[in-house]
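You will see chain A twice below: alongside chain B first, and alongside chain C after that.
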Partner chain A sequence: MRALTYTSFLGIACLVLEIFNLRKIVVPVVILALLAILGLNFTEWNGSSVSFYNDMLRADNFALAFTGLLIVTAAGLVTMSGSFYDAEETKLADYISVIIFTLCGGIALVSFSNMAMLFIGLEVLSISLYILAGSKRRDIRSNEAAMKYFLMGSFASGILLFGITLVYGATGSFNLAQIAVYASGPNVDPIFTVGVIMILIAMLFKVSAVPFHFWAPDVYEGSPTLTTAMMATLSKVAAMAAFYRLFSVSFVNNFAGFAWILSVVAAMTMLVGNLTALNQDSFKRMLAFSGVAHAGYMLLAIMSLYHNSANALFFYTVAYTFASLGAFAVGISVMKRRKSEKIEAFNGLGKSNPFLAVALTVFMLSMAGIPPLAGFFAKYYVFFEAIKTQHLAVVIVAVITSAISVYYYFKLILAMWTKDSEDIEATTGSMSYVAIAAICLVVTLALGILPSLVPSITQLASK
Partner chain B sequence: MLLLVILFLPLVAALAVYLSGNKLAAKVALVAAVAEFGISLVALQHLAHSQFEGLSYTHAWIANPNINFSIACDGLSLLLVLLATFLVPVIILSSFGTEQANARSLYALILLMQFAMIGVFISTDGLLFYIFWELALIPIYFIALLWGQGKDKAFIQTATFKFFVYTLIGSLFMLVAFIFLYTKAGSLSLQSLYGLSLSPMEQLCVALAFFFAFAVKIPVFPFHTWQADTYTEAPTVGTMLLSGIMLKMGLYGLLRWLLPVAPQGVLTLTPYLIVLSVIGVVYGSILAIQQKNIKRLLAYSSFAHVGLIAAGIFSLTNEGLQGAVVQMLAHGVNVVGAFFAGEVILRRTGTLEINQLGGIRSIAPRFATAFIIIVLASVALPTTNAFIGEFLLLFGVFEYNTWLSIVAGLTIILGAVYMLKMYQYVMLGEKRATVSAFPDLTASELAVFAILIAAIFVCGVYPKPIMEIAQPALSEILKHTLG
Partner chain C sequence: MTLLNIFADPHISINHYIAVSAMLFTIGVFGVLFRRNAITIFMCIELMLNSVNLLLVAFSTYHHDNSGQVFVFFIMAVAAAEVAVGLAILVTIFRNLHTIDIDELKNLKN
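Moving on to the complex of A and B:
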C-alpha cells in the first residue's frame, strides 16, 4: 500500500514546486511520478495481501487493481489540466495538488479495512472535490455547484457517520473482519441493521443512485468541466469500489435482506437516469444523467454479490472510466472552442475534426454497450452476474434502458456527423486533449476485442 | 487458415481502402472484393472435395466466462459467405461512374460490413455471433445516414435511427437469451447449445427472444415498419447491402441458432410464426401494388419474398429448408439487380416516381432487356433462379398446411402484378419529359447486369449443386429440431 504514502507526498511536492517557482515542469513531473507509483503499486500484485497501520488498509488485489485504475485516471486528468487551466497559470500547481489529494482519498476508499479509514477516505475525496467544484471563483454557477455539493455531501457524510456509530455500538469494532464475524453470529442487534441501512443510504448518495441522485446534474453542470470529469470518473469509481468492498467483506452474510432493496434501487437508477438524459440539451448534464444510469448498471454487480462479481464491477468501471474520460477530453476541447456547453456545439465536428468526432462516436457507442467495444463486455459481465444470481427482472429493465440510452448518445453522434456549423475551421484542440482521447480510444477498442486484458481481481473475495 | 483469410481479408482491405485516398478507394475496394470472392471459391472447392482442414478454427479468447473465438464453415455457411463475397464486388462495381463524397470512408464501411456479415455466417460461438451481428449494424447505419439519398435530411435521421434502435432492441433480447443459455450450458459453442436440455418453458422464452431479434432483421410481420423507409432513404449501395445480404443474417439465424437450440419452443410457436410469415407475404405484396416509388415498391416486394422464406423455414420440412437456402441466394441476386435498375433510372432522370416515368424502352433497349430479365426472375419465371426456390418453399408450406400454401402462393400472382405493372409504366408507353435524355447502359453498368443475369440463369437451370452443398447442414439442423 505504498501508493497511498507516495501519492500523499506527491501532493505536497506539488506545492513545494510552486514555492520554488517550477510551475512549468509540474505537469510532466506529476505524470511521471504517477506512472512510477503505478508501477510500484503493481509490484504488490498477487502478494500476501498485507495489512497496514493496525489493519486500517489492506493491499489485496481488489485494492491494488482499483488503485491502479484511479492513478491512471488521475494521470489523465493532470495531463488535461495543463491546458484546461491555461488562463489561471498561477494556480496550476494548487489545482494539481488538490487533484492528487482527491486521488489519495480515492486510494484510501478502495483499500480500507476499517470503518474509520472509509470515513477518512471519503472526506479527503469529498473535501478536495468541494474545492475544485468552486474553483472558478467568479463564476456564479461554480459557486452554486460547490455549495450544493458541499451541503449534500456533508449530509451524506453525516448519515454515514451515524451508521458507522450504530454499527460500532452493536459490534464494538470498526474493523471490517470483526464486524463480519459479529454479523454472521446468532444474535444480530436491530441497531446493527439500522446502522447498515444508514451506511447503505450514504453510499447510494455518493454513487448518485436514485433516489439520492438529485444533486448530481446541477453539480456536474456548474463545476468546471475538468472537475466534472473527475466526479464522473475518479470519484464515482472510488465510491462504487468502497461500496462493494464494505458489503462484500462485512455484510455479505446478511446480504439477502439488502439485495432486493438494491435491485429496486438499481432498476430505478437505470430508468430515471436514462429517461431524464433523453431531454437534456447540455453535454455535461447529459453525461451527468448518463453517469447516474451507469451507476445503476454498476449496482447490478454489487447486487449480485459473490466471488466473481468484483471482476464484473472492475471491468465495468474500467470501460466506463475510459469512455467518460475520453468523452470529456473531446468535450472540453470542443466546448472551449465553440464557447458553448450545448449539444449543438458539437455540430459539424465530423467535418472540422474527424479524429475527435470518430473518437467521441466510439466513446458514445461504448457507453451504449455496442460491440465490439469495451462497454459491451462491461454490460455483458454485469448482466451475466445478475442473471446468474436470479435477477432476471432487473436485467430486462437494464436491457430496455440500454436501448433507450442509444437515443441520447446518438443525439450527439447525429450532431457531429449530420448537422452543419458555421465554424468549419479545423478544431485542432490542444495536444493534451487529443492525446487523452487517443489513449482512451485505443483502450476502449482493445478491451472490446480482448476483454481478458483486464486481470482477474478475485483474490480478495475468495477469502 | 483459409477461413481466417476469408474472414479478415475484408477488414484488412477496409483499412487499405481508407488509406488509399478518395481517388483510388473504389478501385482498391473492387480488387479486394474480387480477391475475396476468389478465395471463397477455393473454400467451396475444398468443401466439395470434403477437405475440411482450414474450414474451421478455434482459439481461446476469454477465459471467464469461457468464450472461444471459434469459426467453422459447413455447406450452409459457405453458401451465404459466397453470396456475400459475390454480391459485394457487384455492389462496389455498381457504384462506379458516380461521384461519391468521401469515397474512402464509404468503401471502407462497405468492406467493414462485409467482414461483419461473413463473421455472422461462420461464427460457431454464441457471443462471437452476437458481436458480429451487432457490428454489422454500425457501418450500415452510417452508410445510410451519411450517404442517404432522400432530400429531407431530418427524415433520413429518423428512418435510420428507427432502424438502429429497432434492431438493437431485438438483439439485446437475444443477448439476454445467450447469457441465460450460458448459465445453463457453461459455454456458448454450438455443440454445447445443441446438446442442452431445457424445460419447455425455458425453451419457449429463449425461442421468443431469438425470434424477436431475427424477425426484426428479416423482417417478419409485424416487425417490418423500419424497412421501407430505410430502404428508400439509404443510398442504393446501402439498400443493396441491406436487402441483398444483411437480411439473410436473420434467416440464417433462424436456421442455425433458433431451430436447433430451442426445438420444443419452436414447435410450440410454429403455428403462429408461420401464420405471421404468410401474413407478411400477402400484406407486403398488397402494399407493393400501391406504391408510387420504385424503391419503396421493391422494399415491400422484398418484405413479401422473405416472408415466404421464413414460412418455408418454419414449415420444418426438408423441402422448406432447401427452398429457403436456394431462395436466399436467388433473392439476394434478384433484389440487388432490381435496386440497381432503380439506381440506373435515378441517375439519368433524377426521380423514382413511377408516374413521372415512361417510354424508356424505346431509347434504351439494352437497359430494357436487362431490366425485364430481372423482373421476370423476381416473379419466379421457370429457368430463373427464384423459380426453384419458391417452388420448394411453397411445397414445404404445402406439406405443413394446404390452405396456408394456397394463400402464400398468392405471392407469385401478386408479385407478377406489381412487378410487371411497374415495368409497364416505367419502361413502356409514351415517352415522358423526364426521360428525354436517357443514354443506354455504360460499360460498368452493363457488366453489373451481365454478372447478375448470368447468376440468375446458372442457378435457375442447374440448382442441384447448391442443394447438394446445403443438404448435410440442413439434415443436421432438422435432426436436432425434430429430435
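Moving on to the complex of A and C:
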C-alpha cells in the first residue's frame, strides 16, 4: 500500500512547488509522479495480501486494482485541470493538491480493513470534494452546490458513524475480519442489525442511489465541470468499491436479509435515474441522472456478493469511468467554447469538430451498452452475475431501463450530427481535452473488442 | 442488551447510554431536517457526531477495549476539519446572498 503514502506526499509536494513559484511545472510533474506511483502499485500485484499499520489497510488484488483505476482517473483529471483553470493560474497548485488529496481518500476507501479507515477515507474524499465544489467563489450556483453537498455529506457521515458505533457495541471491534467472525456466529444482537442498516443507508447516500439521490443532480449541475467529472468518476467508483469491500468481507453471512432491500433499491435507482434523465436539457444534469442509473447497475454486482462478483464490478467501473471521463473531456471543451451547458450547445459538433463528435458518440453508445463497446460487456457481466444469484426480476428491470436509456443518449448524438448551429468555426479544444478524449476512446474500443484485457482480480481478494 | 425496561432499572447500565445517545442523535437528525438556519444545522450535525462520541466511549468501557476511545479522537479531528470547510462555504454564500437561510438556495432547481 505504498501508493497511499506516496500520493499523500505528492499532495504536499504540490503545495511546496507553489511556495517556490514553480507553478508552470506542477501539471507535468504530478502526472509523471502519478504514473510512477501507478507502476509501484502494481509491483505488489498478486503478492501475499499484506496488511499495513496494524491491519488498518490490506493490499489485496481488489485494493490494488481499484487503486490503479483511481490513480489513472486522477491523472486524467490533473491533465485537464491545466487548461480548465487557465483563468485562475495562481490557484492551480492548490486545486491540483486538493485533487491529489481526494485520490488519497479514495485509495484509503478501496483498501481499508478497519472501520476507522473507512470513515477517514470517506471524510478525506468528501471534504476535498466540498472544497472543489465551492471553488468558484463568486458563482452563487457553485456556492449552493457546495452547501448542499456539504449538508448531505455530513448528514450521511453522521448516520455512518452511528452505524459503525452500534456494530462496535455488538462486536467489540472495528476490524472487518473480527466483525465477520461475530456476524457468522449464532447470536447476532439486534443492535448489530440496526447498525448494519444505518451503514447501508449511509453508503447508499454516498453512491447516490434512490431514494437518497436527490442531492446529486443539483450538486453535479452547480459544481465546476471538472469537479462534476471527478464526482461522477473518482468519488463514485471509490464509494462503490468501499461498499462492496465492506459487505463482502464483514456482512456476507448475514447478507440474505439485506439482499432484498438492495434489490428494491437497485430497481428503483435504475428506473428513476433513467426516466428522469429523459427530459433533461442540461448536459451535466443528464449525466448526473445517468450516473444515478449507473449506480443502480453497479448495485447489481453488490447484490451478487456470494458469487464473488468483484470482477464484474471492476469491469463495470473501468468501462463507466473511461466513458464518463471522456464524455466530460469533450463536454468541457464544447461548453467552454459555446458558453452554454444545454444539450443545444452540442449542435453541429459533427461538422465543426468531427473527432470530438465521434469520440462523444462512442462514449454515449458505450454508456447505453451497445455492442461491441466496453459498456456492453460491463452490463453483460453484471447482469450475468445477478442471474446466477436468482435476481431475475431485477435483471428484467435493468434490461428494460437500459433500453430506455438509449433514447436520451441518442438525443445528444442526434444534436451533434443532424442539427446545425451558427457557430461553424472549428471547435479547437485545448490539446489536453483532445488527448484525454483520445485515450478514453482507445480504452473504450479496446475493452469492447478484447474484454479479457481487464485482469481478473479475484485470486487473492476471495481469501 | 435490549432497550426494554430502562426506566425500571435502578442502576446505570449500557442501555441507558444507548438510550441517551439515540435520543441526542434523533434530536440532531430532526434539527438537520427541519431547521432552516445554516448555523443551527451545523450545530445539529455536531450534536449527531457528539452523540456518537458518547456512545463510543460507553461501549469502549463496556468492552474493556481502548480502540473505541481512539476512534473518538479521529471523529473530533475530522469534525473540526469538516466544520472549517463548512463555515468557509457559509461565508462565501453570505457574501453573495447576504443571508444564511438555506431556503434561499434554489438557483439549481428545475
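The criterion applied here is as follows: the second predicted complex is superposed on the first by the 459 of 463 C-alpha atoms of A that agree within 3 Å, B and C clash if a C-alpha of one lies under 4 Å from a C-alpha of the other, contacts with A are read in each partner's own complex, and residues count from 1 in each chain.
Keep this in mind: a residue touches a chain if its C-beta (ideal position, glycine included) is under 8 Å from a C-beta of that chain, and two chains touch if they have at least 3 such contacts.
Model, not experiment: these values are computed from the prediction.
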item	value
Broader residue contact with chain A after superposition on the shared chain, chain B or chain C	C
Partner chain in contact with A:62 - chain B first, chain C second, else both or neither	neither
First (chain B), second (chain C), both or neither touched by A:314	neither
Partner chain in contact with A:346 - chain B first, chain C second, else both or neither	neither
Which superposed partner A:399 touches (first chain B, second chain C, both, neither)	first
Contacts of A:161 with chain B and chain C, given as first, second, both or neither	second
First, second, both or neither for A:221, with chain B first and chain C second	second
First (chain B), second (chain C), both or neither touched by A:387	first
Contacting residues of chain A [partner chain B, same complex]	308, 311, 365, 370-372, 376, 380, 383-384, 387-388, 392, 395-396, 399-400, 402-403, 406-407, 410, 414, 417-418, 450-452, 456
Residues on chain C engaged by chain A in the complex (per definition of touch)	1-2, 14, 18, 21, 25, 28-29, 32, 38, 41, 45, 48-49, 51-52, 55-56, 59, 62-63, 65, 67-68, 70-71, 74-75, 78, 81-82, 85-86, 88-90, 92-93, 95-97, 102, 105, 107-110
Chain C-facing residues of chain A, complex	115-116, 119-120, 123, 127, 130-131, 134, 137-138, 140-141, 143-148, 150-151, 154-155, 157-158, 161-162, 165-166, 168-170, 172-174, 189-191, 218, 221-222, 285
Residue ranges of chain B touching chain A (in the complex, touch as defined)	61-65, 127, 130-131, 134-135, 137-138, 142, 145-146, 153, 156-157, 161, 164-165, 168-169, 172-173, 175-176, 179-180, 182-183
